[in-house]
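In what follows, structures are represented as structure tokens.
Common to both upcoming complexes is chain A, partnered first by chain B, then by chain C.
Here is the complex of A and B:
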């Protein structure tokens, strides 16, 4: 089964943003951001697009699936 | 008033639901084992109702239930699915046991214990799925 890989932590560090701040911006809990960064949760398309919009990048740049 | 309220997490909420649902079952089991007449079902239900009302009052007054985001819905759906399978298995199993092994198993006590057990199980499963690790609680 393909595994979700994210560059969320990298982008957060680049924008000097904490998990809680990102969670607040996209309207989710901090726990959701934690699980996303660990690849333990697949976000909905809307959430993925909202996060990409926060970092002014694309969904494909932030999230990828690897075998 | 909204700004002064503390955030009340879904995990905390389901912990309370689990306790509320499982305490009557535990009391009933202890009563059955000990053979003492520890009140009747009505007093258990009244006690539960009082506890639930008090909990809702204090929760509304001092806490603000956190946002139900998509991961909460996902974990709740997982918990619901597992609970449904278990309840169906228990019910079908009870039919066979009642017909061939232990007549009288399916009674009013069996029904309410199954319901309360399902409510407690659902909340317990949600707590397990949603619980953050110790490292996760550190802000990054």
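Here is the complex of A and C:
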């Protein structure tokens, strides 16, 4: 099964943003952001797009799947 | 200020939210303790009255304290909305609860069969039993939610 890879942590660090702040911006809980960063949760398209919009980037740049 | 602006004013001023995880921790403890109390009430009879009455009174005191703490915690707060992950976890918790109830039922059945014990459900205890089982189910669901929703405590904030 392909593994979810994400650059979320890098982008968050680049924007000097805390997990809680990002969570509030996209309307989810901090636990969700933690799991996303660890690649343990496959987000909905809406959440992925919301996060990409926060960092002014694309979903493909933030998330990818690796075999 | 016009009348129109009064109606358009933001009446949903943001209250601080209690985290869903913390809420379910309290809920699990409260529901499970409540369920044991009601199941105890369903089992009380002439022979075990003294022992069960003491245990139930102790449980009632603990529940009262928890209730006061819980309402103090949520006073002036909202409970955090479930997001998509929380909903998925709750769905899993529901399935695990159903599985756990089947296992618990099976174990009780085996114990009764092995020991020859019996339990009469009649008009005097049916309501307590039903309410106890409902609370037990809700408690298990919250408990599984808390277990499944765990994240490492040392995560960066």
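Operating definition for what follows: the second predicted complex is superposed on the first by the 67 of 67 C-alpha atoms of A that agree within 3 Å, B and C clash if a C-alpha of one lies under 4 Å from a C-alpha of the other, contacts with A are read in each partner's own complex, and residues count from 1 in each chain.
As a convention for this text, contacts are C-beta pairs under 8 Å (C-beta built on N, C-alpha and C of every residue); 3 or more make two chains touch, one makes a residue touch a chain.
For clarity, every value in this text was computed on a predicted model and none was experimentally measured.
Student: Tell me which partner A:4 touches in the superposition: chain B (first), chain C (second), both or neither.
Tutor: The answer is neither, since A:4 touches no partner chain.
Student: After superposition on the shared chain, which partner residues are touched by A:31: those of chain B (first), chain C (second), both, or neither?
Tutor: The answer is both, since A:31 touches chain B and chain C.
Student: Determine, under the contact definition given at the top, whether A:49 touches first (chain B), second (chain C), both, or neither.
Tutor: After superposition on chain A, A:49 lies in contact with neither partner.
Student: Return first, second, both or neither, reflecting whether A:41 touches chain B, chain C, both chains, or no partner chain.
Tutor: In the superposed model, A:41 contacts both chain B and chain C.
Student: Scan A:59 for contacts with chain B and chain C and give back first, second, both or neither.
Tutor: Neither partner.
Student: Pick one for A:20: touches chain B only (first), chain C only (second), both, or neither.
Tutor: Touch status of A:20: both partners.
Student: Based on the A-chain superposition described above, do chain B and chain C contact any of the same residues on chain A, and if so which?
Tutor: Touching chain B and chain C on chain A: residues 18-20, 27-29, 31-32, 34-35, 41, 43-44, 47.
Student: Show which residues of chain A lie in contact with chain B when the two form their complex.
Tutor: 9, 18-20, 27-29, 31-32, 34-35, 41, 43-44, 47
Student: Taking the touch rule as given, give the residues of chain A at its contact with chain C in the complex, in rising order.
Tutor: 18-20, 27-32, 34-35, 41, 43-44, 47
Student: What residues on chain C touch chain A, complex-wise?
Tutor: Residue positions touching the partner: 19-21, 80-81, 83-86, 149, 151-152, 155-157.
Student: In their shared complex, at which residues does chain B touch chain A?
Tutor: Those residues of chain B that touch chain A are 66-67, 69-72, 74, 130, 132, 136, 139-140.
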